[in-house]
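Look at the two complexes coming up: chain A is in both, with chain B in one and chain C in the other.
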Partner chain A sequence: MDEHNYGYNLSISEKTKMVPWEEKVRVVEEVKSDFRFKEYLFGCLNCGVCTASCPSNKFFDFSPREIVQRFLENDVEVLYDMMHEYIWACSQCFTCWIRCPFGNNPGGLVAIMREVAVRNAFEATKELLKPYGRVLLKVMTTGNQLSADMLQPDLFPDWGPKMADIMEDLKAKRLAIPFDIGKSVKTAWEVSLETIIELYTIWRETGIFEMLEKLDPNLYNVIMDIVEENEERYQKLYEGEE
Partner chain B sequence: MAHAELESKWGYVSPGGILRYPEEPPFPVKEYDAHYDHIFEMMEELEAKGEILIHRITEEYQPIPVYTRTGRIKLIPTNKLWHHKSCGQCGNIPGYPASIFWFMNKFGLDYLNEPHQTSCTAWNYYGFGISNPVALATIWLRNMHQAWKTGYYPLIHCGTSFGSYKEIRRQLIMNKELRDAVKPILKKLGRLTEDGRIVIPQEIVHYSEWVHAMRYRIKELYEKEGKAKKIDVSNVKVAIHNASHTYKMIADDYPYDPEVYNGQRPAASTAVIKALGAQVVDYSTWYDCCGFGFRHILTEREFTRSMAIQRKLKVIAEEVKADVIITHDTGCTTTLEKSQWIGKAHGMYYPVAVMPDVMFAALACGAHPFKVVQLYWNFSHYEPLLEKMGITNWRELKKEWEDAVKYISELEKAGKYDELMEFFKEYDLYEPYSKTSTGKPRASATADIPLFES
Partner chain C sequence: MAKSVLVIGGGPAGLGAARILGRLGVPTILVEKEDRLGGSPVLNSYYTLIPRKLKPEQVLGPYIKEVESNPNVQVKLKTELVACKGEPGSYKVTLSNGETHEVGAIVVATGFEHFDPRRKGELGYGLYPDVITNLELEQMFSKEGRLYRPSNGQLPKRVAFVFCVGSRDRQLGVTNVHCCRYGCALSGLQAMEIKQRYPDVDVFCYYIDVRTYGTWEYPFYWAPQEQYGVRYIRGRIAEITYSPADGRLRVKHEDTIVQRPAEVPMDLVVLVLGMEPSAGTKKVAKILGLAQDPNSKFLIPSEESGSNIVSNKPGIFIAGACKGPIDIESSLSEGEAAGAEAAVFVGAKVTV
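Let's turn to the complex of A and B:
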């Protein structure tokens, strides 16, 4: 059993042990100072209902009850450690939220912890989020998170042979979708240029581009190239209109 | 049931405050007059103070009242709807939105399906944590403002968007700091009212709630047109999978009904299946999520398929042998449909049809299984279901769709766009290019659209 103040059965990684105490306190306080925190955590009976109904608990070493208890005990060491890998097991289904007799929202706490982990660009978070480059590129530049051309068969071999079949003459099959803006291949539906320009403004003003730059500078550069290109297109097309 | 009859049955009085209850709770309710419900009063107060403008569900939207689990009356607008599409649906389950449009056409309803909408971007947030409440709220409010500006009422297709928007609205109403953070950005975008207010819809409405509210009209259509095509769903065994983000997130804001387990389980989807006369079968893990998990479907796939197979597909096959699993969300449909094949590798293959309520209902009412319901994209074992429903000519219907794809492909490759546009005039459910709300020339966020410029 690792030594730390409270955590009874969760081991602490060597990396976490090396981090200065003040830094761990700072990160945990960042979570606790989020305006949602007070709406997500009340008392806790330790009844375990959340964990018993948690899908991630069935297949991972993961327990929403632990998270709630650690916050109530202010177990900084364990909480800081959880923010590197543990929290990413959560499926964000919010079964815990509907079932908790206290109205706690452990899944919501996980959402805040994840956001803080991303904002602080932890090395573990960077590694963990690497495979999502394609999704991020899509959502940041087009305003759609998914599109037909993203489901490449080699990325989803466990979905069976139909994947390859779908990709054959994909464009014609997309055109056979019976409403006009749903016929696109690179986006789920056609997003208008003026709409995507508004989304770029939102990303800028809310610090999401910065968040991404810290996390993955290469991806950030690619995204900004597309953003700037679209902004130029917009200016040329609608110059003098507004 | 006629609208007037519903009004008298449900004790719904309009106009008036937006927080309403019937005189008697219609079933044993969870916490009548619940905490969450009071955000509707807070919305009225914020409107009176001039901070927000409520996009109200007026008579032109032809609302139908439903109950929530607290006994609150939630109005579901049924006409003049602005389609807030789902990226997962349009990208990978295109028959999902197509079936919604098909019903709206059948009922002669007015709607707007335009390109001036972004995804909610909440999948990104729940999966990867890359965003924050201010960004999520501003994106939501931008989309809502666009709907309000057009005069159409937003109908949210995706369960993820619906759950996220319900939560954001609660946060926004309860937290002045969040309102203060989004306001300057909305102002910059021109997305406040002329007198500087934030536009917030009276109700956040999921398409499954629309299907639920419209179930008797859907039933009528089935009786008239589906049965005329010899379609019969009375022997079809249906297992329901409700989506976590529709009824577990902001749980007090989703329909419950005395007809469905006496109001003790979410009513949408189950009620329409019952109205159609199919057999709803109960199974022990009805409460479990599908295993989608946002990031898990992409990179923790062992978890996703384990959950889908062991907690849903296997249980449903062994306990009730359903002919179809009915869903009402994008992620669940994808997960339960696409996690079947790999079961063969583990000796756990439980083939079953999987589709959302609206696609099943459209099939029952006689919609073309491939041109409209777009079953081509469906990975589940749906053919035996079609046979059982009496759609025994599905092979010919599939051939018709394949021929259409071939024809489109030939015209597109030959650059015959005028002919293609003519073809779409007949083929498409929504008149192309005509109806968008801005006068700007058409231009898109990606290089391969407009349609034929690749």
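Let's turn to the complex of A and C:
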């Protein structure tokens, strides 16, 4: 995607320019018609508290204030363009929301924009979700993608140098904790069948499966195989009880 | 009909009311909960007052002296209103010292209190000694006569004023969405006072808007920049941290005019405090049944009257900071207007 220096040097990507105006309006209206939208956007005095508090702003070309301002201006062109790359730099920490003197929720606006981008199967979201195929597979089929023991410091260099020492001899340290946490370490992967079936019901009712089918048909097929298998298992179990 | 008037509060507005009532020959009872008259400027040792750059004793001294010596005015210190019964024109009031009086009219001048900046935890007040309030800066000048960093007693090299602390902020709830009105002008004055004494100290004002309205614009906004080199940077301070490496504070903000986020070192940070209705104002509103703003809880004038000192209760007049943020000279004027209205209400035969 092209550079997006929205401030004074407005530069809209070529891809966005080629999209028909009506389509851009439709997508932005889809964001604005979300039931949360009116609770996330009030007024703005451009005080900059959100952007000054924003951890992503330190590292990326991303400003929550700019998102709020573009919505207040109803700048369809920029908003549509932002949904392809710009908004994906947000870390969803919601410090902007905690600090905004107006009570705006720029992080929440980003969440809606992301959902609309995924629902509309934007090319950018496909690209962005590619590295998360394994995570999606695990979360969607079992509801859980990590067990405590998987968190190893050599996989997370951003934890800093002291973490390796802290993580040493975890078994002994866990035993020292005066209540039983050993259980959750072992059973992180073992989600009960009832829970899994409930999860699939939620995915189905909220249109998550359909969304995934549009985004990544291959991953969708793999996941649906597992889903059907589990559902069959549950069915048999249920019939047996009857 | 009772001919005397009760004035509640001995700050600028209450003094204004009591002095004009005394001058007009109306028997007046002035109750003040603290042990001396003068209100916040005196009790909190303000240094110089906006907009005329006079000392509290120059502005309020003559009022206090006259109120205390006028035989028409009975001053009752360490005294509060506890109950009120009766009809407009003859209110039966009970005071905390056990006295009861029948008064024809009441002037409410119960004032404000400063915002407690501990409620904005990200600004580090109470955590870092070099984060102080503008009230503490006033007292540094008025009591100690010098500027210093509380952490080490040294003269700061860089001083920042953080505007709108406890004002215009929905994060604190609907109670603090109003503007404090005085902060921009007072900060301009305090910044100039620093530069006058210590020309080498760099002073920065972090603002969202600068509201030195009316005739205050030139002396409290242009003069600090043009004559003293005070720097105005647009952006609300998001957080204040401390760096042990150099022992200095860091203020974090986005310069929303040149669009650059920044974290800059400061030696002293001054929080410009908002104004809230005082506990006394809220209490008196309940006792007298006065209308309050649903958000801020400041007293509001009668909807039927165009005058802003006429309350929703006949014979009760409201003046000064109990109605919302206000400067000291306007408080005095409102008190005087309320006093005159009260004199008319009780049908006093004016002796001039």
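Keep this in mind: the second predicted complex is superposed on the first by the 186 of 242 C-alpha atoms of A that agree within 3 Å, B and C clash if a C-alpha of one lies under 4 Å from a C-alpha of the other, contacts with A are read in each partner's own complex, and residues count from 1 in each chain.
Criterion: a residue touches a chain if its C-beta (ideal position, glycine included) is under 8 Å from a C-beta of that chain, and two chains touch if they have at least 3 such contacts.
Remember, it's a predicted structure, so these values are computed and weren't measured experimentally.
> Touching A:45 in the superposition: chain B (first), chain C (second), both, neither?
The answer is second: A:45 touches chain C but not chain B.
> By the touch definition at the top of the document, which applies to A:74: first (chain B), second (chain C), both, or neither?
In the superposed model, A:74 contacts neither chain B nor chain C.
> Looking at A:120, would you say it contacts chain B, chain C, both, or neither? Reply first, second, both or neither.
neither
> For A:65, using the defined touch cut-off, is the partner it touches chain B, chain C, both, or neither? Pick first, second, both or neither.
Touch status of A:65: second partner only.
> Is A:53 contacted by the first partner chain B, the second partner chain C, both or neither?
both
> Touching A:98, do we find chain B (first), chain C (second), both, or neither?
In the superposition, A:98 contacts both chain B and chain C.
> Is it chain B or chain C that touches the larger share of residues in chain A?
The partner with more contacted residues on chain A is B.
> Jot down the residues of chain A that show up as touching in both complexes, chain B in one and chain C in the other.
On chain A, the overlap between the chain B and chain C contacts is residues 53, 58, 98.
> Which residues of chain B touch chain A in their complex?
85-92, 94, 97-98, 101, 113-119, 121, 123-135, 138-139, 142, 146, 163, 171, 174-175, 177-178, 184-185, 188-189, 191, 244-245, 247-249, 251, 287-289, 291-296, 298-303, 305-307, 311, 338, 341-342, 371-372, 374, 376-377, 379, 401, 404-406, 408-409, 412, 420, 424, 427-430, 432-433, 436, 438, 440-451, 454
> Using the touch definition up top, name the residues of chain A that touch chain B in the complex.
By the definition above, chain A touches chain B via 35-36, 39, 53, 55-56, 58-60, 88-89, 91-95, 97-98, 111, 114-115, 117-118, 125, 129, 131-132, 135-136, 139, 141-148, 150-151, 156, 158-162, 166, 169, 171-196, 198-199, 201-203, 205-208, 211-212, 215, 230, 233-234, 237-238, 241.
> Help me check something: in the complex, which residues belonging to chain C touch chain A?
Listed in rising order, the residues of chain C that touch chain A are 122, 164, 168-171, 208-209, 234-239, 252-256, 259, 261-262.
> In the complex formed with chain C, which residues of chain A make contact?
7-8, 42, 45-49, 51-54, 57-58, 63, 65, 98-103
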